[in-house]
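Each structure below is given as structure tokens.
Below are two complexes that have subunit A in common, paired first with subunit B and then with subunit C.
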Partner chain A sequence: MSANMADNMQVNPIIGASVPRIEGPEKASGRAIYTDDITRPGMLHAALLGSHYAHARILSVDTSAARALPGVKAVLVGTDLPHNYIGMFIKDQLPLARDKVRYSGEPVAAVAAIDVQTARRALRLIEIEYEELEPVTDIEEALKPGATVIHEQRDEYPTMYELPREPNAICFTEFMEGDPSSAWDQCDVIVEDEYQVPAQYHMYMEPSSTVAEMDGNGKVTVWTSTQGVARSQMYTALAMGLPMSKVRVIAPRIGGGFGGKCEFTNQPITALLAQATGRPVKLTFSREDDMTMMKRRHGGRIYMKTGATKDGTLVARDCRIVLDGGAYADESPEVSPVAAFFSQGPYRIPNMRVEAWSVYTNLSRASAFRGFGNPQATFASESQLDDLAEQLGMDPVELRLANALEQDDKFFCGKTIEKATMKACLEKVRDASDWAGKRLHGTPARPGKKRGIGVAGMSHISGLAGAGANVLLNEDGSVTLNCGAVDIGQGSDTIFTQIVAAALALDMDQVNFAAPDTDSSPYQFQTSASRNTYVIGNAVKKAGDDVREQIYRHAGEILECNSADLELRQGGVVGVKGVPDAALPFAAIAGRALWQEGGPIMGTHNWLYTPQDRMDPKRMLLRGFALMPDAIGIFTFGAQVAEVEVDEVTGQVEVLEYWAAHDVGKAINKASVEGQIEGGIVQMLGYALTEEMLWDNGRMINPTMMDYKIPGMADAPYKIHSLLIEEAEESAPYGAKGVGEICAVGPAPAIANAIKNAVGARVNQIPATPERVLKAMQSADDAD
Partner chain B sequence: MKYVEPTSLSEALEILAGDDEARCLAGGATLVAMLNADLVEPSTLIGLRRIDELAGITATGDQLRIGAMTTHAQIAVDGRLTGNAAVVRDAARQIAHPAIRNMGTIGGAICHADPNADFPGALVAANAVLVAAGQSGTRQIPADEFFLDYLETSLEEDEILSAVMLPVEPSGAGARHLKFSRTHGDYATVSISLVLVLDAGACSYARVAVGSVGPTPLHLTEVDEILTGSDLAGETIRQAGRKLMEAADPVDDVRGSAEYRRMIIPGLLQRAVDELREVG
Partner chain C sequence: MTDKQAVTLSINGDCHDVLADPRRTLLQVLREQLSLTGTKCGCNNGVCGSCTVLIDDLPMRACLTLAVAATDREITTIEGLETGGELHPVQQAFIEYQGMQCGFCTPGMVIAAKALLDRNPDPTLDEIRDELSGNLCRCTGYVKIADAVLSLVDADRGQN
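And then the complex of A and B:
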């Protein structure tokens, strides 16, 4: 038994408790400080001018009228800035466009003025002469020989991976396992289809916002709405040509991110304005600016073909994924490979080939978004499984159970499954939803509606990149935890506080969670990839354990006993097992350490997920992965069931009830886990039914909340049943692994499969708008 | 930009007449958003909220008078809006979300004349008369003639809409405003406003308007006549629905294509009739 498991046997009851959010009171009372609430002495306000055109050459810029406007302190255009390209895997963008604009909305000029109104007025005085170019808006067209080239100098950009030949391709990935070309002969049933998925906007409540200020020594301080202070620090430094030691980033409260505030948003340009003016500058986007200038989920097309034998054994799959990466690469070089990786789904498919592209287009930037390519691939895969089940005359859950990955199976490309809980998830969701009853007998629908039920299975990962944590013992025996992790609303501040409280048997208010600040926090990747609880939680727990060991060493010396004879008592007391009177408050130990022996107690730990087994390049063909998929973490599994009603007149779909079974390892905070699952489902209900960014010849036509519709409270199912499976993961803190993304992977196919069950029509394109559903119903009728 | 809050209608009309660039501010739900987006730049905003003559609902014999500054929320809960007038109440209840219903006014909604809004169709179905006040007196404009085009009404620049008059007649009427939208609280993709008098299953009075399918509410006398005197059998409603479908002139937009909007009119009309029958 590992040390970790031994700890788990006597876990403090705070682990698993639905303790309230530590920042709850300030949020509920409206006193939480977000970036836009911050004011600095002499602060200026900024606004950006977005390009009108989707693709154009900038011929000339005249900013004289804008500069002359009273109250304007700086006007910057691309040529005013250092020529420092930024980007995650390929450095292909500048904070302001220089020679060319590549999407409508791309920032071309920035103004800092005494107030926002003046800044906006100045924008209207900037004159730019463009030479319009053909916008490339279709991904297949973009890949064709002779297509208009979006980045002429693509091959000169610094990259971390091998670029494909096609000039508009961002990346190309190919995996192959078994012998997919000959395996089709063994199949009794083959289904083949094409699927289309939309560009989805992150719609975090708080639009991107940054305040930047440069001090007299040339060091910049940045307060920003970000998913990671170290990432913002790196890109700001890069854009300014400064070492990271000259940039400090602080995260106040964050109003949501969902992947959109990973890497960078508007930090670089705000810092450049602060540098240009010598004054603090605030830049907060309007919703429309955020929707047109910032990032989104990759839309795209997926071709998929799957074959099985009569008994329902999956044999082969062929898949081609083409994702619209937008004008700049951002995380694309990892998103389409992740989509390719998860195109297998949580099933054994011995013969499989997949290729995945991310393609430059003259649309806004596609980036990380909850699920990171997986929802796209899984929409195709899970839709196809239901069609296969239908042709085989099998129940969809049975087909999934028959092929679900099991213990010691290897995932696509040879990564071993650590804990095979796929079957458990399917069984749990099947039983809880009364699947058999509903599927066989149906439930009566309301007048004018048809009712149906659908399932989807899913897998994801948890564990990307490294983390560190410090736990400092204060003189009164309370502690301060500093790990640099940004809570973007999902609740990680509370989770980490619970972990430290458990490790040291402290009460929640004896643990101070230090706000992320690059001047003091341990280096940290960002809040993404379902990694906080698992990766950062590991560092946090072990830093807490480290403090406990040091407390035990002191206590052993004072009480003259062995560490093994010591125990923690709730509230910051160490005592001798079985001897109630032999006890010392942490304060006594902190005092001794400070004044007499050894110096202040600081616990510290750094942690990085290390794969058990590396991918086997002999076993499969694998190319074009910027990060090796074996290094991105442990597997997680889930299964979801949706019950819907479809309106016979309008085709509108209503999701009535939802069941979601997820293997979370261990729920450190049950209410938080349920919140994540419910939030993921409702967000992706929008993806499945209403959300779609639309462009007309490269101009976004719905960049407002009025035109782009996310679901509201009344559109959510009346009940979402979160069904937790808690099989402790050995490598995880208290057994807990991430759930933030996987819950968002299943809704689109579960809903599409429920629509099929309700009305007999397959919707291959999401969102399944009333119009698309009605048309699918009509063609299904025509086919009968 | 100046902001004034007159306390009488005549004072407000005087300010309006004296300043070409002045604009009335009712609930601000639409106007403030337009100001923020730099779509309008008035010289003066005339806040109407202190003018008593524009407030509240009063019953005057065979009519209900709804002051222009009455909010959607007030209309939605007023029990006096029964029978014919209930179509307006049913519309008010379905507009947007509570925050908008608490701020937005019937006068503001009508004067903005967004064809996707709920009141225009409901007022046409209710045979409402709109009262326009000017410095030289008031004009009574039937709802059918008030809405001229997309965001365009027959109100003159120096007039203020003071009230909406809803006839209590015909007696025994039932009403339904059926709103179909992408999400709860969105503007309608298509809406049907319907007033019927049913005598033992037969229809002795019908007035139907369809919203969001053209620049102004779609109302065809011909359709009212098809329904009136019929027993509202499925075939009759399909015939009425087809007429409306043919006359509809919707646009393609984010809420649906023109083709789709037209296609669902007959089915929605049938549903509105069914729902009205159900509640009696």
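And then the complex of A and C:
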């Protein structure tokens, strides 16, 4: 039995309790401070000018009238900035466009002025002469020989991976296992189709915002709405040509992120304006600026072919994924490979080939977004499995159960599965939803509507990149936890507080969660990849354990006993087992350490996910992964069922009820886990039914909340049943794995499969708008 | 340039004299001139509801209300719901039921929920979903927000 498992047997009851958010009172009272709520003495306000054109060369820029406007303190254009490219896997972007604009809305100029109105007025006085170029907006066209090239100097950018030959390609990934070319002969049934997925906007409720200020020594402090203070620090330093030691980033409360506030948003340009003016500068985007200038989910096309024998055994799959990366790469070199990696789904398919592209286009840049690539691939694969089941005459759940990965199986590309819970998820969601009864007998629908039920299986990862944590024992026996993790709303501040409280048997209010600040926090990768609870949680727990060991050492010396004879008592007391009177408050230990023996007590731990096994290049063809799939974390599994009604006249779809079974290892905070699942499902209900960024010749035509519809309360089902499977993961803190992303992987195909079940029409393109559903119903009728 | 006007606003029981451009919205004046930053700006377009405040007890969009049009009215913002240092029961319910994640929509959502319960102390689930559908939340999926509001119905009426 591992040490972790032994700990798990006597876990403090705070683990698993639905304790309220530690920051609940400040959020409910309106006292929570978000970036735009910050005001600094002498602060200026900034605004950015976005390009009018999707693709154009900048011929000349005249800012003289803008500079002359009273109240304007700085006007910056691309040529005023250091020529430092920034980006994650390929450095292809500047904070302001320099020679060329590559999407409509791309920032070309920045103004800092005494107020926002003056800054915006100044923007209108900037004259830019453009030579318009043909915009490339179609991903397949972009890949064709002779296509207009978007980044002429692509091959000169600093890059961490091998660039494909096609000049508009950001990255190309190919995986292959078995012998997919000859395996088709063994198949009795083959289905083949093309699927289309939309560009989805994150629509975090708080638009991107940054306040930057430079001190007299040339060090810049940045308060910003970010998913990672260290990432913002790195990009800001890089763009300014400063060492990271000259940049401090602090995260106030964050109004949502979902991947859109990973890497950088508007931190670099705001810091550059602070440098240019010598005064604090605030830049808060309007919603329209955020929608046109910032990031989004990759839209794209997926071509998929799957074959099975007549008993329902999956034999072969061929898949080609082409994703629209937009004008700059951002996290594309991670997103399309992840799409490829999950295109097999949580099933055994012995012969499989997949290729995945991210392609430059003259549209806004695509980035990380909850599930990063997985929801796209899973929409195709789970839709196709239902069509396969129909042709085989099999129940969709049965087909999935028959092929679900089991403990002795390897995941695609040969990676070991830590806990194979796919079957358990499917069985749980099947039973809870009365799947068999509804599928066989149906449920009466309201007049004019048809009702259906659909399933999707899914897998994802939880992990990625290193984490550190410090736990300091304060003189009064309380502790301060500092791990640099940013809570973007998912609840990690509370989770980590619970973990430390459990490790030291403290009450929640005896643990101070320190705000992320690069001046004091351990280095920390960002909030992404469902990594906080699992990766950072490991560092936090082990730092807490470290403090406990130090407390035991001191207590053993004072009480003259072995550490093994000591125990923690709730509320900050260490005592001798079986001797109620032999007890010391933590304050006595802290005092001894501080004044007499050993120095202050600080527990610290650094942790990085280490795979059990490496990819086996003999087993499969593997190329073009910027980040090796074996390093991305442990697997998680889930299964979801949606029940919908489709209006026969309008094609409108309503999701009535939803069941989601997820293997979470252990829920540290049950209500927060449910909150993640409920929120992920409703966000992706929007992806399935209404959300789609639209461009006309490269110009976004719906950059407002009015025209881009996210689900409201009346659109979302109240009955969302979170069914938690808790099989402790041995490498995880108290067994807990991440759930923030996997819950967002399944809703689109589950809903599409429910639509198919309701009206017999397959919708291959999401969002399944009434128009598309009606069209699919018409095609289904024509085919009959 | 438009001349500024003297405006007297009654907010959370206090009178504030401000000089404001007549084109300025109540949201701008609250946040930028009076430092009442609990009211949030999510769209500035009247869609998201993050800026919901009570004007004479009715939930209104502060981003669509001109400050000059709010004179002689009683304005209540999220900062005005506490009494004697105690959070309002709606605020407490949102905390207890985790009816919030990132918290950015929470002030507007709490105000809208309070307005609903003041007007209709016994709303059904469907009434809650209808009445709060003008306040968008991107994190929670709304279930726990509904639970928070339903808990107050239960507490007041002792029914499910």
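Just a few scattered comments:
Throughout what follows, the second predicted complex is superposed on the first by the 784 of 784 C-alpha atoms of A that agree within 3 Å, B and C clash if a C-alpha of one lies under 4 Å from a C-alpha of the other, contacts with A are read in each partner's own complex, and residues count from 1 in each chain.
Here is the rule we go by: a contact is a pair of C-beta atoms (placed from the backbone, for glycine too) under 8 Å apart; a residue touches a chain by one contact, two chains touch by 3 or more.
Note that the coordinates shown come from a computational prediction; the quantities given were computed from them, not determined experimentally.
In the superposition on chain A, A:36 contacts subunit C only, with no contact to subunit B.
In the overlay built on the shared chain, the residue A:770 is in contact with subunit B alone; subunit C does not reach it. Contacts of A:652 after superposition: subunit B is touched, whereas subunit C is not reached. For subunit A, the partner that touches more of its residues is C, with subunit B and subunit C as the two candidates.
Shared-chain residue A:564: touches no atom of subunit B or subunit C. In the superposed pair of complexes, A:714 makes contact with subunit B and with subunit C alike.
Using the contact criterion defined above for the overlaid structures, shared-chain residue A:783 touches neither subunit B nor subunit C, since it reaches no partner.
Contacts of A:690 after superposition on the shared chain: subunit B is touched, whereas subunit C is not. In the superposition on chain A, A:701 makes contact with subunit B only, not with subunit C.
Taken together, the two structures place residues 706, 710, 712-715 of subunit A in contact with subunit B in one case and with subunit C in the other.
Interface residues of subunit A facing subunit B in the complex, by the touch rule stated above, are 120, 288, 447-448, 648-650, 652, 690, 694, 701-702, 706-715, 769-771, 774. Per the touch definition, subunit A reaches subunit C in the complex via residues 18, 20-21, 23-34, 36-37, 39, 202-207, 253-256, 258, 286-287, 488-491, 671-672, 674-675, 677-683, 704-706, 710, 712-716, 718, 720. Subunit B meets subunit A in the complex at residues 37-38, 97, 180, 182-187, 189, 254, 256-257, 260, 263-264, 267-268, 270-271, 274.
Put simply, subunit C touches subunit A in their complex at residues 31, 35, 37-45, 47-48, 50, 77-79, 81-82, 87, 91-92, 94-98, 100-107, 110, 125, 128-130, 132-146.
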